[in-house]
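Some notes on the structure that comes next.
Chains here go by letter, A, B, C and D, matching the order in which they are written, and residues are numbered from 1 within each.
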């Protein structure tokens, strides 16, 4: 298995760091003419577990509220496709905070199939921005604490 | 060819009524494991031509503006799949106003392939609603005039 | 609540006929700029419960196998949008056989939110076809029996 | 503007290397509840220009043919979101071959808006594999020549 450069430890150690997961079933509409999961849907799955994670921490509710000053944007995303995924497979998709910046988070992702094979590995940065100005907005200390414990 | 019950004239006459069209190229990510266009994407194509149509009439800009009191919602939609569509096909998707209600429009849709075969036939109602109350909002007379001429 | 014409009984009686359901959580990527579920995704949800239903009956496995002579295509689909749906809502989406044709099935759909409000009502015909010829293929008697009991 | 690490020259020089482009109009169904293009659709746009590019070179037709021994899979993908994109914007999405491996290609992507601002930057590896064995399949010399000239 080729290991992406952003995994700095052994894969086993890296996998152990994930505490938050969601279950996903591959839809027929998510496959393509090659008969397997279309590559674009890996990022749909990453977004689903990311929004669940933020909701679990109490953030997603704030960001989607009209009154709240801040929202979150994706700054970059990447995925390594390790093993083909097919219609109706059950994936366990996990997310963890790899690094906390001033106003950003570096998140890591992994999707395992029912046999516990790694199918997808990913990472990406999200940034908190001010809705009016579009400028980055530093995390409160409370937020940072939550992310550290997550 | 089976003709949907909401086409009340000959198909030829019905086709002649369409004046507004857009070109669509079928994406690989829009096909599915059966190797053809996944059925759900017919409604993506209908929405694309519908929003272009409303933009052409000057409405879409209003509805997507935060300040504007009204927005538009889809009340119902249907599609008859007449001929299979495959990756990379070019479709001409057309929309027309079939009927104008107090606050609603009954729109008809058709998608033809490069050989001018009918692939998709559709219809659906959209309703103008007030963003605050969610209640239907009657069309201005100016709007009705525009819809009649469209 | 407006009742679609294809519901021939009371809504209560119609709802009681559904025995097969799946749970769906609305993804952020399934919302649109109006802040609610984009209309096109209703059909994604209907397809998910339909393929689960066919898999439950033992059909989906046959149709997606390369060796099997038949596959299933969607002949028509429709949806009535009864109540707005938002990000992160849990929907219970159900499907039932309304009518069995020679080679076709008329399926009915309903999606309820967590408060048991009807959000989406739908129907549509699927047809079994021969993969080589593309012509419709009559159901075996065994299949018909299964559909009647479903 | 933050420049991804895989751009090894000046951005100006990097941009000049793109010769193949496609035009994309952002669909309403591709926006999300934050009112802008949902991040997952960047990869839909990359796939559209990639399949057009391969079709232009004469490959896509081979890979989607049932008889052909090889197909292509995405090994990894990444995107940097430089500037927000909204409904109805026109993007020019370009692709180029950055590097040619034994059986793989490293492709770079860029999406510019109507004001020629860079909105999306991406890269990713595709690999040619044997359909039966799933193993990587080296490019013919003719293929390599085509990729070099593309």
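Throughout what follows, a residue touches a chain if its C-beta (ideal position, glycine included) is under 8 Å from a C-beta of that chain, and two chains touch if they have at least 3 such contacts.
These figures come from a predicted structure and were not determined experimentally.
If you take chain B and chain C together, the chains in touch with both are A, D.
In terms of the distance between Cα centroids, chain C is separated most widely from D.
For the pair chain A and chain D, the distance between C-alpha centroids works out to 22 Å.
Separation between the centroids of chain B and chain D, computed from CA atoms only, is 30 Å.
Centre-to-centre spacing of chain C and chain D amounts to 35 Å, using the average Cα coordinate of each chain. Residue numbers of chain A whose C-beta contacts span two or more other chains: 28-29, 33, 38, 40, 44, 47, 64, 87.
For chain D in complex with chain B, the residues that touch the partner chain are 25, 27-29, 44, 47-48, 51, 55, 60, 64, 87-88. Interface of chain C with chain B (complex): residues 4, 33-34, 38-44, 47, 64, 71, 73-81, 84, 134.
Note for the complex: chain D touches chain C at residues 28-29, 31-33, 35-36, 38, 40, 87.
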